[in-house]
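The first chain written gets the first letter, and so on, giving A, B, C and D; residue counts start at 1 in each chain.
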Amino acid sequence: MTLIPKRGWRATQVAAACLALALSGPAWAWQEAPMLSKMVEAGEIPPVDERLPAEPLVQEVVEQTGEYGGTLRRAILGGGDQHNIVRTIGSDNLVRWDWNWSEVKPNIAKSWEVSDDATTFTFHLREGMKWSDGAPFGADDIMFWYEDVFLNPDLTPVKDINFVGASGPVEVTKIDDLTVEFKFGEPNGLFIQNLAYGFSYYPTVFAKHYLSQFHEKYNPDVQALVDAEPAASDWVQLFNLKAGPMDTPLFWQNPDRPTLHAWHLTNAYGSTDRVEVVRNPYYWKVDEDGNQLPYIDRITYDQVEDVETILLKAFNGEIDLMLRHIGRPSYKAVLTDNMERGKYRFFDVNDLPANSMIVMMNLTNKDPVKREVVNNKDFRIGVSHAINRQEIIDLLYFGSGYAAQSAPQPGSEFFKEEYQKQYTEFDPDLANEYLDKVMPEKDAEGFRLGPDGNRFQLIFLVADVFGLQYPDAMELIKGYLADVGVDIQVRATDRSRLIALHTANEQDAYLWNCGGGQKDAYTAPLCYLPMPSNSVSWAREWAKWATDKSTGEEPPEEVKAILAKYDSVKAAPTPEEQHDLMAELIEMAMDQFFTVGLVQNEPVFGLARNNVRNVPDPLPIAGQLWFPAPYVAQVYYEGGQSLP
Amino acid sequence: MTQPTPIPTEPAPLLRIAGLKTHFFTDDGVVKAVDGVDLTVEPGKTLCVLGESGCGKSIMARSILRIVDRPGRIVGGSITYRAADGRSVDLAAMSPTSAAIRQIRGSDIAMIFQEPMTSLGPIQKIGKQIVETILLHRRMSKAEAKETAIEMLNRVGIPRPRERFEAYPFELSGGMRQRAMIAMALCCQPRLLIADEPTTALDVTTQAQILDLIADLKEEFGMAVMLITHDLGVVAEVAEDVAVMYLGKVVEKGDVYSIFEEPKHPYTRALLESVPRLGVRHAGRLPAIEGMVPHPLVRPTGCPFRTRCRAFMPGICDVHQPELQRQGRTDVACFLHNPVPAHG
Amino acid sequence: MRGFLLRRLLYMIPTLFLVSITTFIIIQLPPGDYLDALAADMGEAGVENTAVMEALRQQYGLGQPMYVQYFKWMKGILLEGNFGISFEKNVPVNDLIWDRLAWTFGISILTLMFIWFTALPIGIYSAVRKYSVGDYVATFFGFLGLAIPNFLLALVMMYVAFKYFGQSVGGLVSPEYLNQPWSWAKFVDLLQHIWMPIFVVGTSGAAALIRIMRANLLDELYRPYVVTARAKGMSEFQLLLRYPVRVALNPFISTIGWILPTLVSGEIIVAVVMNLPTTGPLLLRALLVQDMYLAGSMILIVSVLTVIGTLISDLLLAWVDPRIRYQ
Amino acid sequence: MTMTQTELANAAESNIDPTPIVLGPWALVWRKFRRHRLAMVSAVVVIFIYLVAIFAEFLAPFPTDQTSVRHTFAPPQPLALFVTDADGTRFRPHVKGLKMEIDREAMRRSFAVDAERIIPVGFFVKGYEYKLLGLIPANRHFFGPLDPRDPMYLWGADRLGRDMFSRIVMGTRVSMSIGLVGVAVSLVIGVAMGGLSGYYGGWVDTLIQRFIEFIRSVPTIPLWMGLAAAIPLDWPPLRTYFVVTVIVSMIGWTSLAREVRGKFLSLRGEDFITAARLDGLTDREVILKHMVPSFSSHIIASLTLAVPLMILAETSLSFLGIGLQPPLVSWGTLLKEAQNIRSIIEAPWLLIAPGSVIVVAVLALNFLGDGLRDAADPYSN
């Protein structure tokens, strides 16, 4: 496998050199990392001018121009922690969000145009841009993805929702080697936003020169490769193995795959004690002084089995920059105690979902009695008033955070205090009043009887996720609800079982969080309307219906109206229209009060060694926003290496 | 030991036990298993120690070699052994783990036990166990030791000794095992062989063979034998001298003819009466000794046998302890024969 | 002896067959499959990607009925020695486990040695000096070792190592030696780390062994053959080692075969806490995410090891104890 | 010797000193056991622990789920017996109040002793309501603050401000009963299987031995995980608890069965068993009347030694998150909650308290079992 990129590089070397000579003016004098200079001297790679595109992305730095060198040390859990890598190096799409998460900026595409009706999007690529193995990157790679991967029913049995409009999948055409056009059958006003989020990595991760060897269309002898690979039994499996999705471990298990990322893998995730990534000599970003990024030579991820070990490593100063796993409120105190020993500081992380802790009651429950009750808004209001949010906050989060509904959060363009505060006050009498409207009868033990005359009982699933002590919260909630006569049973379970149960629509209720509190209200309004999702389901059957009218279950009119409104948001061509329609949608959703939000956390935190610079502070992150990935390239060590 | 021992006319004894006391300090109290035993073993002679189970004869024998298990301990008396070079040592004064006593064990004084099934190491080959003993006491190479061992196995009447050398104990019959034991005991040509009920676990024919073997070997090696038994038949067959023990004491001793012809102690008499004899018809049941051996922790006052004695004399036997005194041809400890001390 | 061996080998076949089926059932018992676990990982990271799931469902062939999956798996193992692939690591199970099994065996053997070297002398002492102060002390620490849950000890020791020795915690080598070729320095570093898991895993094993040795030896210590040996004039130490200890050791020899499988799967929790590159964490992770073939293969291997281990134990026992051999 | 034995009957009439009373086997066991001092002490400890388990609600001053916002991670408060003030020193058990400060930056609460504030503690105080032995409604507690709303954290408080002392006391019931129930399950299966195997021998023995080998060859943790995960989620916690117990007992029965088999095998050849058979007793009678009694003391000893194993197994299960679930409290779940660096550093009592209780209980049970085992064979030595 390693031979192919090399051959590819040799083949393209001449052409690339010609292009560079012909097209790139000598206006810039690029600088490179010392480690790359050595490689240039040794003849291993071409000089920096030939590696960079004609117009590299000039990356604004957070604080100041940095220094080259150093290894960024992190820890990675033994399995399932691919987002650890994704969020440090993975996210480099056609376009990106700026580091305040306010505006979409050029990235791989140096510019783009949107047609007036918001159906056609034309992207201009950077001339002379190269994959991490030195092979040129261009429109053909995007077309390879589109024609041979995306449209291939074997490789893509289900199309990613971001590239599908109401009338079908997007149409992509190559205008020339550096220009591609994405065309939808109807207006798609959110496309550029979507494209800036993590998932939309697809068009720019399929290196045709490398991956075509695994594709039956390009390699008639692909069966030989299949036979040589014990983990694959046909070419589709082989292709998936070599070109897996970035948000699964697969992507990070193929170090041979060329990428456009700032660092590339030297070994596969999961097979050794340490995953190591080394700088991509062809990375296409420079700082304002013309220094090729990234500043930092390599990143190591030491594989550990237990979060406790990561903490101890942090105390020991063996973690240079990290927020995943350790940025939890409960670790703040011990991390504070060891700041001097570990020589690190904290930075704020703006992880603001619509709500950190949401009671999601299944509105499409299979049990008709439970469904009838939870679909009654008065019941949900009653539940909401019965919960002592402040006590939860005080007990679990040291009083940091505030009571809130699942709604746009402060800072969001849709924020309204009335949304955030509705039904959040703790008032058992009021709760009883509302609940009496739904289930006035009680049994001998004081628990309310359902419409069928039996004690009404909901089984809540709870998994210990997000480091937010959900199981503890659930015990408290159980008590609050018992006080107002609602019998709930708590069943602690692990995450995967919880997911398995709710994707089978076999749950009554569970605790989770929900995106859509900030800018992502447009693209991930998971708690404002029924949407297909792996982890959020309060009305799974309606969501199914919304994507495919032949499946699932038709929702009531009010819900259909919200779904229709979202279609109109997507169709709106201008940001202003989008905003207005989205605001209307949120208003409708708030009135429906689908889910009961409980707590909004204060910003969490990340940890950086004292000489790690250019760390965005506060750093916004969200489920879709795979930060800090696009901005790690401009992080550097003062002194060129980590503190001893 | 109020009287000085009469100066023997014969050569000095091989082993002289005087006032030996071996007590067991258990949680429930002190068990006086051996409580003042006086014995002598003459060179080249066979002494039979006779007594019921639990009378302390085995403990006495083990005391000689100092292999009494804890919590047993010698608390008094002496065991004087006259070595081949004529010097005498007091075994009772030695430390049971000392090199000196270890040199005597197996080499000067050897012992065989009543359970040939369990007295051999279960998972070591017979030959190895014998060779081990030889190498402990004799300076010779392993090969020589092996030859000696095989020769010894042959000598004790084990057929195909070279083959049996490689056998494990469980592969042999009881008689063969006891022969192997004897071979092991005699491989260093001891001057005294202590045989602790060596035939109990064997069938009658084998018993006779083993006894014959011991007698033959005794002659051959010119060693003394201390045979511990409860079997009067055995005594009659092999003994030259006899000592009768009861509750940790020797109650009567003498040469075998005197004891059998003229037993003086009521216990000795009772023992002899309880043996069926050819040609003697008993009117009813064979007479047996009345009563049971007292509990070891509850020793009777005065004469230990008084609880079962047909000639019990109140006021004498339960007050005074009889001492062993020469009466005619035997030594006996009984107030029927000995003078009663004036004061208790 | 040959008949015995043959019979035992024959018995193994149905046992192993049963084991393979049970293994498969065990890994299928929990509801859901690997993709649910993957979805959960993604969901916790806030990632929503429903399209990916469908593609992967085909990739892993998870839609097929259970017996089909079982037969495919068994066929691969029996005919090609192919244990299937790990869903999460996307490499053949074979590539993943042997390395870790080697580490596991290494640590197991060292632990075993640690246990034997500490426990046997203490156990012998404890039996010979029964009810002495030393015996009470040994007994007390023995039971203490049994009573402290291993993972508790592991965590506390790690914290102590971190707090007072400033040692880099977790794993068997310091971070700077990860992914490095073997060198003397790396080996020394390994020695500095490896004692901790050996100690933690060893304590409870040693504790149990002390107790067993003491009990076994007490059974043998007052047997007539010991008296015989003593009467031969052997020194106490010599005869102790040659006779009663030798016999009392038999039960241990018979457990050698058991040790490997228990250490492979028994110390999972310690391995997770201490971050050891052994099979334990791999197995646990595989079970948690229902990485079916990986988990199944490891359980199967452990089970086979147990069965083989039992056989080896029995053979060893027959070898060291002639009484059994000739039965 | 035969002569003494035949005379046994006549012994009484002759001039015999009082012989010590002949003790029955159980009395002998007891006599031997009593001498094992450590085991005696342990027996007392074990009885004490079970009493705590039985009267848990009475002994626990607070409900296990009573949270307190003001006392998360409150350190243990020492119990003082005397009050010294202007009126002199008087006997008045109390704990000192706690002052709490929040450090928002480090997200922690720190506590200082408020020497001014005395929280009087009394015996047989009123508190939350419960049912003694599950039957008798009551609200008196052995001891506690006179005002049940006052805080008293003798062993500190956990992350939700719950009283560790009460939680450990209540956890005793679950943990200790898991041991007992688990052992009972093991006993039934183990004796039945071992008995069949050892008594009949032959193909029955082979079959059962293969089965045991098979069970033992399946690694425990995957087996546990598989079984635990297969428990339907809508089962109430108590039923889940029972199933977990059965799962835990899976580890016990095979070794017990082997032991029983060994005993059966050795007894089978004994004369008294042969005699009983020749007397025409059925197999069942032989087993129950003659064989089981002759090794029951051994079985009891092994059972005692199995209980601590079960307790530890439960902690392992809890550690893996597949054991008991809240609101059930066991020592294992308490230990699991404290299994993190944060607890070791910030609230070590969360680890120390349940940890030492487990160690003490397991130690006591082990010593007890050891003593029983030593005493089990009254005729040895």
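Quick note on the criterion: a contact is a pair of C-beta atoms (placed from the backbone, for glycine too) under 8 Å apart; a residue touches a chain by one contact, two chains touch by 3 or more.
Treat the numbers as computed from the prediction; the structure is a model and nothing was measured.
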| task | Could you let me know which interface, A-C or B-C, is made of more C-beta pairs in contact? | result | A-C
| remark: Per-chain Cα centroid nearest the overall protein Cα centroid belongs to chain C
| Distance from the mean Cα position of chain D to that of chain B, given in whole angstrom | 54
| Distance between chain centroids, defined by C-alpha means - chain B, chain C (Å) | 55
| message | I'd like the Å distance between the centres of chain A and chain B, where a centre is the mean of that chain's Cα atoms. | response | 93
| field | Distance between chain centroids, defined by C-alpha means - chain A, chain C (Å) | value | 40
| task | Could you list which residues of chain A touch at least two other chains? | result | 308, 312, 494, 497, 501
| query | So which stretches of chain C touch two or more other chains? | reply | 30-31, 155, 159, 222, 288
| remark: Residues in chain D with touches to at least two other chains are numbered 229, 340-341, 345
| note | Within their complex, chain B touches chain C through residues 62, 65, 67, 69, 97, 99, 102-107, 110-111, 113, 115, 118-124, 132-133, 136-137, 168, 170-171, 181, 184
| query | Which bits of chain D are touching chain A when the two form their complex? | reply | 65, 67, 69, 72, 102-109, 159-161, 229, 233-234, 236, 321, 325-327, 340-342, 345-346
| said: For the complex, give me every residue of chain A touching chain D. | reply: 308, 311-312, 329-334, 336-337, 391, 394-400, 459, 461, 464, 469, 471-472, 475-476, 479, 489-494, 497, 501
| said: Using the touch definition from the top, list the residues of chain A that touch chain C in their complex. | reply: 73, 78-83, 155-161, 198-199, 230-231, 236-237, 240-241, 244-245, 247-250, 253, 267-268, 270-274, 276, 300, 302, 304-306, 308-309, 312-313, 315-316, 318, 353, 463, 465-466, 494-501, 503, 512, 515, 524, 526, 532-536, 622-624
| remark: Residue set of chain C touching chain D in the complex reads 11, 14-15, 18-19, 22-23, 25-27, 29-31, 136, 139, 143-144, 146-149, 151-152, 155-156, 159, 211, 215, 222, 261, 264-266, 268-269, 283-284, 287-288, 295, 299, 302-304, 306-307, 310
